[in-house]
């Protein structure tokens, strides 16, 4: 019964194509592929904004005494005065760099773009379960983006309490001079939460209920697994942030005191609620990247994913652990030390599934036939960088060591190894990898490789020394470190980091150029340029509205490369009929 | 595999005709509500009031979920979806409460 | 679409439940977490400052709210009755029960608005005149939790009104019950949340 | 470029640094293993025309090995960390007869209240000094940490001490300096636009010097 | 001008502000406003019909001793003071004259020229200069920093919109305005707890702050009967009647003594901005 409905809608979608106006087709589209591309452009824009904020910060950190900010004159006096970035503007930069990158760039790029694009294609359905909600999930992000950008230009400037929004600093305008800007960002967060929840409902429902025939749970590509688990995390974590954010807005505007001690409220409650959301959020930001990496590594190595089931189990256990470790962000917060004890142990155990994943990725490369194209390079880069990020996490998980390195640049290094070296590397890889499917053209390989090496080298020059700066004891979010006796002697390192950061930012424009240039001038892509097995590659590039004339039937696992029974090629598409190829190939 | 769809459809038809006793549940809920209000003002120790009120609240919530929301008649897989957030809720509240231990 | 063409191409079984229902349950999971955030904060804040709470009945009007709770329970039963009527194709029943549910929901909201006005204008609490969200943690948590519940009821009433209009146009029937069932799930969830809120906010 | 932990001056610092180096060695080995492996694989298995990858879905034995070994290392590390943590922070290990100071953070100052000659807080001879923290060496020191407005974090790198000061809470922090010296208190939690400037000087005196310093402050305190 | 533009844009709330950004529509509007106010006001001053008010704030009796300020943690600032070191400035008396009394015409003024020029508030050696400042509503206040270290300027008015800005280095300036009359607006630096200034905002230019010798003088006051109010941070307010004749000099003096300390001071030391309501609560310190 349900099938017939699905089929019918599929047909309806296919026929609708010819009658749609431009507005319905490209702006208020309910096609998951168009929505994904909208998300992609939106998030690339905010990636640039977030990067720009970081560049301003790096200038200030490296040359706090110089003034003379290049183009400082274009900023109003309330941000940059006499060529000096003002501390309040710096706080806004710190806060909004983190907020924009997490909520408006990386999270929607991982989930909004790729869950939208890949779930229906890789599962073999015509579209998402609820296409109109899907459209809404993009359009809810638009007011969020506008509020965020506009908040820089209101009296008092943008939010300046850090992306973690710790109350009471975030709740009391009289202590920061930031009033409206903070409220606008919180309102943006509520919109982001709405978008995220609507998206997640869609992803979960589609994955549970709309898989193509033969697409059993254990035949789902790891990308889908990771996006599915991510959606569950977002579904359960985002509402808590929304609730907390709304309480914080009330504290600011209508005189409640949920998080204000003078009215009986509790600052630590904010931290608990924030990190109850925040730690699953961290995994929302990395799990999809792990999925893309598994996929790209498998394709690029021409080998099945090593230990597919272990990978799935590791994903699930990371997600589960994600809900019981949030306290490790609060070891020095005045939380009950007994809680610290339990959170230490649970936190350290995240290293186990992370190790499983890393070794399995290496296992996937082992005895492979590595095709080192740009996407593959970024995927390998992900494994290398994620390993560093994961290992540096062990230092923080160990509570006694965390006493010293908490809130220092060691943490900054750690999160950037995971979020930039991890998530963003995987995202670049994913864009290089799926670009031909999205736009029907290949991105330029030479530019791609130059982009990879620039990014890889400069990234490490930027963030590896931060471990050292953190060991020296440089605190996070410090506007000017030169006044501290124990921070003498790190000026050169900071300048080096800043120069490399400028280079890293610039290399992003090479990517942007490649992206837009290839739209028009890139080599035309065939349906399956990478000889990949998953379903999306068995459609034309780009796929038509509605994806499939006829829903495919799945006969194989997701990553069947170099199967010994297939001789004329080294891959076996998921929907290839076994009787056409070989009777033995249907396993797993 | 086509049986699967058929099975789902027939399952839906089955309980369509055997209506759970909606009015009985309604009476049940109404009586529990009255009981709750009465218990709240009894002159017994506060903790006894709290415990009995919580039990009755959960009881009522279960009645609504099982009968009005049909969880009693749904496949186990859907029940699993409905139960999914409860561990997270429990972990959150227990851990935050540990600040007071 | 002929049945023959779909044979052998049935999608994976999923939950054996139609998609809209799965979607609503998934959405309700996130709603559970939203209210858990609010209720959890309430529990923690109350533990931290127990003496700033009034005894039940001192500030809040329990009889009126108990009546309101009863209204919401009644609306739940009319909601399931509407679904049952739809399954049987009883057009008169669908219209009657959907209309009743809408009206009961609207009445609930009306009583809540009346309650708010009474509290803000006529109650005094800890020296200050008027029991408002700014009146300590008690007022803040009370208005936040009941307010968000009220907001959910409002959304439900709007959807119910729309469903009722559709009922008059003959939209629902034995072959078209999904919308009513899914809306019902939401409505019962709102009822369920109120059952918890009524107990912990008004009676404890 | 001097990327090292600052010299340690406290008893807790010894175990903290030790744990830091233990973790550095463990993660260093893992780092070399992983990064070396990746580079080696990239070179050894780089794509060649006509080559074919080895077809395998994995090995349960290997999965078990690389689940169990990290788990064991982690369990040991976790147990060790938990014990050290309890030693440092566990409320049962709070020194009983420590010299107590009250430290109140506010935007953007540290106000330290000294117990005076009677070595007890809350008595008439208490006095408060802005942004100067003096205390004697080789003695258990407990500070009662409070905040007037927002969350600050009390951080003395050389003593390996860090604790957030949360408004509405009084959090005890204890430590024991092993050498005299001059350091700084830094604020490690973003507390507003003057966050970077919220520093105070720390002077660890010998016992005699501390008494002398305290006496020199007494006239000011008398007012 | 520039900060004016941004403030106005801000009022348009975000989206619109962004759109207006390139256009500069806000800025020209602002300019028109200023010109419109200035033109008729300038005509109102007729040199033939104005007089001067001058007088003293006298102080009799025991002068309270001021507390020493502990600036030891800010060596650069401490170096700017003599052997005694910096002292508090609450009550400054010299030869029987009380400095830092804000005097202004509180009643009887009708129509006044618009503000012209800018008032200056400097931060020198971790102190505000001047300690008490008078400005006209809408007048530019140029806040500057002469210390090469961080100060923040946290103004907490009740009627006006407050601000909390910082100046991390010497030479940085910022222009602020108060649009509504308010006596007094407390200004403090959170980095240096002892730093405190007061800004008196009135609707006309007929105000003055007594100098170190306790004297003041207000010129160009239109002839007429007025009530004068004097405000001091420790001794509260005091009023006097004064009649100004064309070309004449009217005298109005205010007498203070040590016993008055502890009077009902509207702006004491501890001013607490009540969160949420944005009301100032005066918290008397012992």
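Order of writing sets the labels: A, B, C, D and E. Residues in every chain begin at 1.
One rule holds for everything that comes next: contacts are C-beta pairs under 8 Å (C-beta built on N, C-alpha and C of every residue); 3 or more make two chains touch, one makes a residue touch a chain.
Note that this is a predicted model, so its numbers are computed, not measured.
Asks: What's the overlap between the neighbours of subunit B and those of subunit C?
Replies: Touching subunit B and subunit C alike, sorted by label: A.
Asks: Please find the path from subunit A to subunit E through touching chains that uses the fewest steps, and give that number.
Replies: Graph distance in the chain contact network comes out at 1.
Asks: When the contacting C-beta pairs are counted for A-D and for A-B, which pair yields the higher total?
Replies: Counting C-beta pairs in contact for A-D and A-B gives the edge to A-D.
Asks: Using C-alpha centroids, which chain lies at the maximum separation from subunit C?
Replies: When every chain centre is compared against subunit C, the largest gap points to E.
Asks: Can you give the whole-Å distance between the Cα centres of subunit B and subunit E?
Replies: Computed value for the inter-centroid distance: 65 Å.
Asks: Give, as an integer number of Å, the spacing between the C-alpha centres of subunit E and subunit C.
Replies: About 56 Å separates the centre of subunit C from that of subunit E.
Asks: For subunit A and subunit C, let me know how many angstrom lie between their CA-based centres, rounded off.
Replies: Measuring from centre to centre gives 34 Å for this pair.
Asks: Hey, how far is the Cα centre of subunit B from the one of subunit D, in Å?
Replies: Using C-alpha averages as centres, the distance is 47 Å.
Asks: Where in subunit A do residues touch two or more of the other chains?
Replies: 1-3, 86-88, 172, 175-177, 208, 213, 236, 240, 254-257, 262, 265-266, 268-269, 272, 479-480, in rising order.
Asks: Quick check on subunit B: which residues sit in contact with 2+ other chains?
Replies: 1-2, 5, 8, 81, 84-85, 88, 92, 96, 99
Asks: Among the residues of subunit E, which are close enough to touch at least two other chains?
Replies: In subunit E, the residues touching two or more other chains are 150, 152, 164-166, 168, 276-277.
Asks: Tell me, which pairs of chains are in touch?
Replies: Pairs of chains that touch one another: A-B, A-C, A-D, A-E, B-C, D-E.
Asks: For a test of understanding, state which residues of subunit B touch subunit C in their complex under the given definition.
Replies: The contact residues of subunit B facing subunit C are 1-2, 4-5, 7-8, 11, 16-17, 19, 22-23, 25-26, 29-30, 33-34, 36-37, 39-41, 49-50, 53-54, 56-57, 60-61, 64-65, 67-70, 74-75, 77-78, 81-82, 84-86, 88-89, 92-93, 96-97, 99-100.
Asks: What does subunit A use to touch subunit C in their complex?
Replies: Its residues touching subunit C are 1-8, 11, 125, 129-130, 197, 200-202, 204-205, 208-216, 235-240, 242-244, 246-247, 250, 254-258, 263-266, 269, 272-273, 550-551, 553.
Asks: Please output the residues of subunit E touching subunit A within their complex, sorted ascending.
Replies: It is residues 2-3, 5-7, 9-11, 13-15, 17-18, 21, 150, 152, 154, 156, 161-169, 171-175, 273, 275-278 of subunit E that touch subunit A.
Asks: For a test of understanding, state which residues of subunit A touch subunit B in their complex under the given definition.
Replies: Subunit A residues touching subunit B: 1-3, 208, 213, 232, 236, 240, 268-269, 272, 276, 323-324, 327, 335-336, 338-339.
Asks: Would you tell me which residues of subunit E are touching subunit D in their complex?
Replies: 67-68, 70, 72-73, 149-150, 152, 164-166, 168, 190-193
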